[in-house]
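Consider the two complexes below, in which chain A is the common component and chain B and chain C are the respective partners.
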Partner chain A sequence: MTQLAKPIKRRRIKGDGAWGYAFIAVALVIFAMFTAYPVVSAFIISFQKYKPLGSTFVGFDNYIVTFKDALFWKSVVNTVVYTLLTVPVGLFISFAVAIMILPLRKKLQTTFKAVYYLPAVASGVALSVVWLWIYDPLPSGIFNQLLNFFGISNQNWLGSSATAMFSLVLMAWLSSHGTSIIIYLAALLGIDDSYYEAAELDGASFMKKLWYIVIPCLKPTTLFLLVTGVIGSFQVFQNAYLMTGGGPDNATTMVGLLIFNNAFKYFEFGKAAAQSLILAAIIAGIALAQFKFLGNDVEY
Partner chain B sequence: MKRKMRVLASIFALTLALSSLAACGDSTKKEANPPTPSDTGSKTNVSADAKDTITALLPPVSSEYQNNFPQMEKDFNALYPNLTLKIEPASWEDMTQKLDTQVNAGSPPDIAFIGSDGISKYMQQDMLMDITDTATKEMVEDYDKVPLEYMKNGTGLYGFPAYMEIHALGGNREFLEKAGIDWKKVQKEGWTFDEFREAIKKGVVSEGGKTSRYGFVFATAGVTSKDYLGILIKNAGMPSPFTSDLKYAYTSKNFLEVLKDIRAMIDDGSMPKELSSIDAGKRWNMFLTGQTMITGKGLATFENSANKNNAKIEANDGSAVKGSIKVQYTVLPVPTFAGEKMQASAAVDGYVTFRGKKEPTAEHKANVVKAAYFLASGKVAASTNNDLFVAHITASGKKAAESMPVTRDEFNKAAVETMLAQAAPARPDIPTDLGAKAIKLEDEVIVPKLQALISGEMTPDAMYEAVKTAAIQTFGEDGVVK
Partner chain C sequence: MALYNNHSGKSAAKYTRNAVIIIVLVLFAMATLFPIYFMIISSFGDPVEAASMSYSLFPGKITFESYKFFFEYSKYSLRWLGNSTLVATAVMVSNVFFASLAGYAFSKLRFRGRNALFTLLLVAMMIPYQVTQVPLYILIVNIFEIQNTYSALILPGLVTVYNIFLAKQFMGSIPTEILECAKIEGCNQFQIYFRIVLPLSKTVLAVMAILTFMDSWNTFFWPFLVTNTMDMQTIQVGLKNFRFANTTYFAPMMAGATISALPMFILFFSLQKYFLKGVTVGAVKG
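== the complex of A and B ==
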């Protein structure tokens, strides 16, 4: 028996597989604690009226209330509008900047990459404070001074429902491209030079090379950025919370902000959990649709 | 070597995993152990003289308040040698989030400094500690009756008030006089909306179609719009969202009158058309830089801030507000609407008492009450309230303040006292669930619609109808004022 047991024990210690499992275990424990457990917990809470001294089971009440809540659907529409305006334009801007940076010398390329990545390092709160200053509604505000220069009267950027959503979208367009630019650049550098050489021999123009070589070769990257961009955009919270608080007249209330308010302002954790799971289902549905319709001919 | 590296890497990985688990400790398990001074908020069985620790989460109530924490802890321990007061400082920004997290985790501090309007919020979570049976007669009798009522809900008392502050308006004395406004008379007798409207029209300075000074600027960006409406409607015969027979009041015709008047002041050009984006910091800057004659909301402590900035301007100190002018801050009452009487908006903040997941023992409860009373009376209250320029609300605080001279404008002091005498009374009779519904209605309907009204995107009538419809949906046809 002893003779049989020994080789097994040795195999477990020496085997690379065992070490692999040991390392995975750490990530798995952290995933279980900080992702799986909260999700399961949220699922349970979504059927409860939460109270620290003891929650009560309320069945599907939180879901029914959410589906009947006009503000929830308004926030979903706001989030969809925000996503449709920010993600495609954001991707286009990142792609265009990456294309412009690509031919530069390495040092200059690195400088530009650092410059564009800088907002990602800065605190979101600090960025919002700067943007609040830019959007100052009085004639002394930066944007308003620019408008006044062209003879247009000052605008109440964040205080009017006509401009509040656009102001948040503009803020997204002009910042947070760092990661996408770096990913696009890495993908652009991965395209084999022989494609360009062959195209040049055929006398292809810049636009032709872009259309027939670059865009198809970057399709997996674009799909990845699109899917992660949509997911991130659907979870948007910080901008609306810090810049407009969801106003005016809920014109910029996003689902993320609504969930936050229900949980931490009104302590309706059950309703907030139900809304979180509905949002997760919406995001999952959209991500699946993106893979189904856009990912068919993508090779990894 | 390779094997050693693997073992080392595993140890690091395990440390990482365990360190993340450390935060998940269950603090309630501590209750099984004997109490120690570090056993924060221990709800163990302790005798009257046994050692106990009381925890308090306190924001920077005044500029000097948090600097005094070590002395406050020392003084409390000298008074009660067996007790330790452990104060956790928090910024105003973090205060609510910290407290909410601790409350929802079931382990709040024993005492927290919050506004009395937060009592109903934590009542819903069943996490407040009723001290009615523990607060001694001497303690209760030390307080003025009106502010103490604000710390009640139903028949329960949930802490002690620190001060009662009037939410008023503040004027630039020089500009008021230039506009021909008899501010002394206004301070004594108040003013109607029509008088106020005419006065702020006179305060506007325009040149070439551009306004360099407005008559009145009130912070209304985001949640501050709640303050704006709240302060105005108290003087329109609605001191509370509910009437004495618990009907929702903001469906009355007076509410519509106030909405019309809010819009009229902007349409007159007395208030900026961008008002909906002006936050508290911006309007104070506008006041100090002479861009408005009257500002709101005005707190007593603003006189102190204006005086400090005046001193900086005089000393040519670069830290004075950029472009600011010397301002003599003048307390002004909020105008009355629709012929109603003046009822000043009062904010009572104080030391609210909390309980943990387990029922606190009578001894611990008594110790928490001692700590809350220590913080909300006598020397501590006197020095804090003096810093804030607010009136003292305890006999012990008034006595302690006698030896602490404060330089204050006598007219302002008298004006605040007049308004304190007319302060809207507390409404501990409003049931928690009804109060919570009113808060949600305010946040989800009134504030967003008010933002739209101020931006000129909604008419007063449309807003009134939207509020009325939502109120009927929430409280029923018979639950609202007709």
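== the complex of A and C ==
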């Protein structure tokens, strides 16, 4: 029996192997052409002065120029400031909202989830067009009217370097929390009731339960949201591009925008490729650091 | 027994607590929805220059003149919507088919190099898109010379690694016994995929289809880079052009923004379940 079964089994695995390659073929070709090749190509371009007909090899020039470029460092600082202001505060808001949604009835939970998620569905271009008018610098601008009500005078929100970054941050706070609220809520619903029951027998208060049960239990979720949030935030530049163009006086120029401008405004492909690889290295470093410092007791 | 006290017997305390919570949540919801509300309300205003008007949070009157103004700005306005629909649909269909096929192979079929290839895909997912942007642009424009075509808009998005990952995660939970039974009954692998795996994966495929369509519809930079005539642009690029050409026409700009966002709102409200599922499906079981 075993002798008979063996060759059949082997043939089956061999046959499946061919199917496996056939099934991934298209995906692999697309991946090789539009992701793998461009990554390799980016490395090559970063050592060149790019010209459509015959690029010239320039060694590490693009990297050296970048590291000496004050604007590059300014854009790194801007990106870090933007990330520090948006991601942790955004996570805190999302966490607080998820905690507040938790005791409500199922139907209300779904409604609130949908409401908070709605801005994520609208296109970034549409939202930036709307916010541009909300920040209208004239006294009749909606945001200025609101602040006048509280006795704060008119500001040229996007046009002055003191407030432009804050304006972009405020926009992020109010339009990009839907995803993390939903993820936090799912994680909150996944905490086993027995923890709370045990805590209640010991007479733990709401704040104690929050501190000793909820926050530790949600640590993997927080880490996930933090890492993806920071990675995403480091690449963000659509709002800056559409609303301020990086200005005024480069106060809102992020690394992503700088790379975009170098590539498609000045057509310095070599410099842009070098900067994009530096950005990739920074992102990889930050992600690793977050896992190292925050993830040591997180199980996956 | 949960995070919150039950206030058993003290229903007044419970109602007060919930009332306070709901008020806070509603206030925050109003702040979140305000830009969208403002956009839709303002789009019904007259198409006059902003200097001669004041913003109003409540519609004085409802007119569709601004929508007309937006569509009359370019004779291609309607075509932008068509282009967006065409590109998003093509990308969606191809992703659902090819990503699920690859996801099935990576989760259930054994072949040499499977794990190495999948790891390679996962690593590639971490690379910021700025890295591939420039070479991709050179590839499409200078090497393939297909800028300003539908191919340029569609090809790079045909299969995304994220979708393969999503499909693999989900299909990994299908019991292998079912697939083996089908094999003994004489199905080949394509029949197993088509007759058994696909029907069992309807939910994740729906999520994938919706999210892919939405991403493609909302994407701005790639179409902006590879199109250079108005007839090939998508609605997002068109809206941006409209904004720069008519910087003072407030209501028509809001009408344009509404037009670009409304299809996604409609999709969201009719398929809300899948949208909300889509948020957690890639994250929680990551």
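We take it that the second predicted complex is superposed on the first by the 267 of 300 C-alpha atoms of A that agree within 3 Å, B and C clash if a C-alpha of one lies under 4 Å from a C-alpha of the other, contacts with A are read in each partner's own complex, and residues count from 1 in each chain.
In this text, a residue touches a chain if its C-beta (ideal position, glycine included) is under 8 Å from a C-beta of that chain, and two chains touch if they have at least 3 such contacts.
This is a predicted model, so every value here is computed, not measured.
Colleague: Just to be sure I read the superposition right, which of the two partners does A:Lys265 touch: chain B = first, chain C = second, or both, or neither?
Modeller: first
Colleague: With the two complexes superposed on chain A, say which partner A:Met254 touches: chain B (first), chain C (second), both, or neither.
Modeller: After superposing on A, A:Met254 lies clear of both chain B and chain C.
Colleague: First (chain B), second (chain C), both or neither: which does A:Ala274 touch?
Modeller: Neither partner.
Colleague: If you stack the two complexes on chain A, which partner ends up touching A:Phe23: first (chain B), second (chain C), both, or neither?
Modeller: Both chain B and chain C are touched by A:Phe23.
Colleague: Could you say whether A:Val129 touches chain B, chain C, both of them, or neither, answering first, second, both or neither?
Modeller: Only chain C is touched by A:Val129; chain B is not.
Colleague: Return first, second, both or neither, reflecting whether A:Asn154 touches chain B, chain C, both chains, or no partner chain.
Modeller: So A:Asn154 only meets chain B here.
Colleague: In the superposed model, does chain B or chain C contact more residues of chain A?
Modeller: Looking at chain A, the partner in contact with more of its residues is C.
Colleague: Answer with first, second, both or neither: which of chain B and chain C does A:Val227 touch in the superposed model?
Modeller: Once the two structures are laid over each other on A, A:Val227 reaches no partner at all.
Colleague: Given the touch rule stated above, what does A:Leu218 touch, chain B (first), chain C (second), both, or neither?
Modeller: After superposition on chain A, A:Leu218 lies in contact with neither partner.
Colleague: Could you tell me if A:Glu200 is touching chain B, chain C, both of them or neither one (first, second, both, neither)?
Modeller: In the superposition, A:Glu200 contacts chain C only.
Colleague: Of the residues on chain A, which ones does chain B touch that chain C also touches?
Modeller: In chain A, positions 19, 23, 26, 30, 33-34, 50, 52, 136, 264, 269 sit in both the chain B and chain C interfaces.
Colleague: Looking at the complex, which residues from chain B come into contact with chain A?
Modeller: Listed in rising order, the residues of chain B that touch chain A are 6, 9-10, 13-14, 16-17, 20-21, 24, 97, 100, 103-106, 121, 124-127, 210, 221-223, 272-278, 282, 357, 436, 439-440, 443-444, 447-449, 451-452, 454-455, 457-458.
Colleague: Any idea which chain A residues touch chain B in the complex?
Modeller: It is residues 19, 22-23, 25-26, 29-30, 33-34, 50-53, 71, 135-139, 154, 156-162, 244-250, 261, 264-267, 269 of chain A that touch chain B.
Colleague: Which residues of chain A touch chain C once you look at their complex with the stated criterion?
Modeller: Counting only chain A, the residues touching chain C are 12-13, 15-21, 23-24, 26-28, 30-31, 33-39, 41-42, 45, 50, 52, 97, 99-104, 108, 110, 112-119, 121-127, 129-134, 136, 140-142, 145, 174-175, 177-179, 182-183, 186-188, 190-191, 193, 196-197, 200, 206, 209-210, 213-214, 224, 231, 234-235, 238, 242, 255-256, 259-260, 263-264, 269, 272-273, 275-277, 279-280, 283-284, 287.
Colleague: Please output the residues of chain C touching chain A within their complex, sorted ascending.
Modeller: Chain C reaches chain A through residues 1-5, 17-18, 21-22, 24-25, 28-29, 31-36, 38-39, 42, 50, 54-55, 57, 98-99, 101-102, 104-106, 109-112, 114, 117, 120-121, 124, 126-139, 142, 155-156, 158-159, 161, 164, 183, 188-190, 193, 214, 217-218, 220-221, 225, 236, 239-240, 243, 250, 253-254, 256-258, 260-261, 264-265, 267-268, 272, 275-276, 279-280, 283-284, 286.
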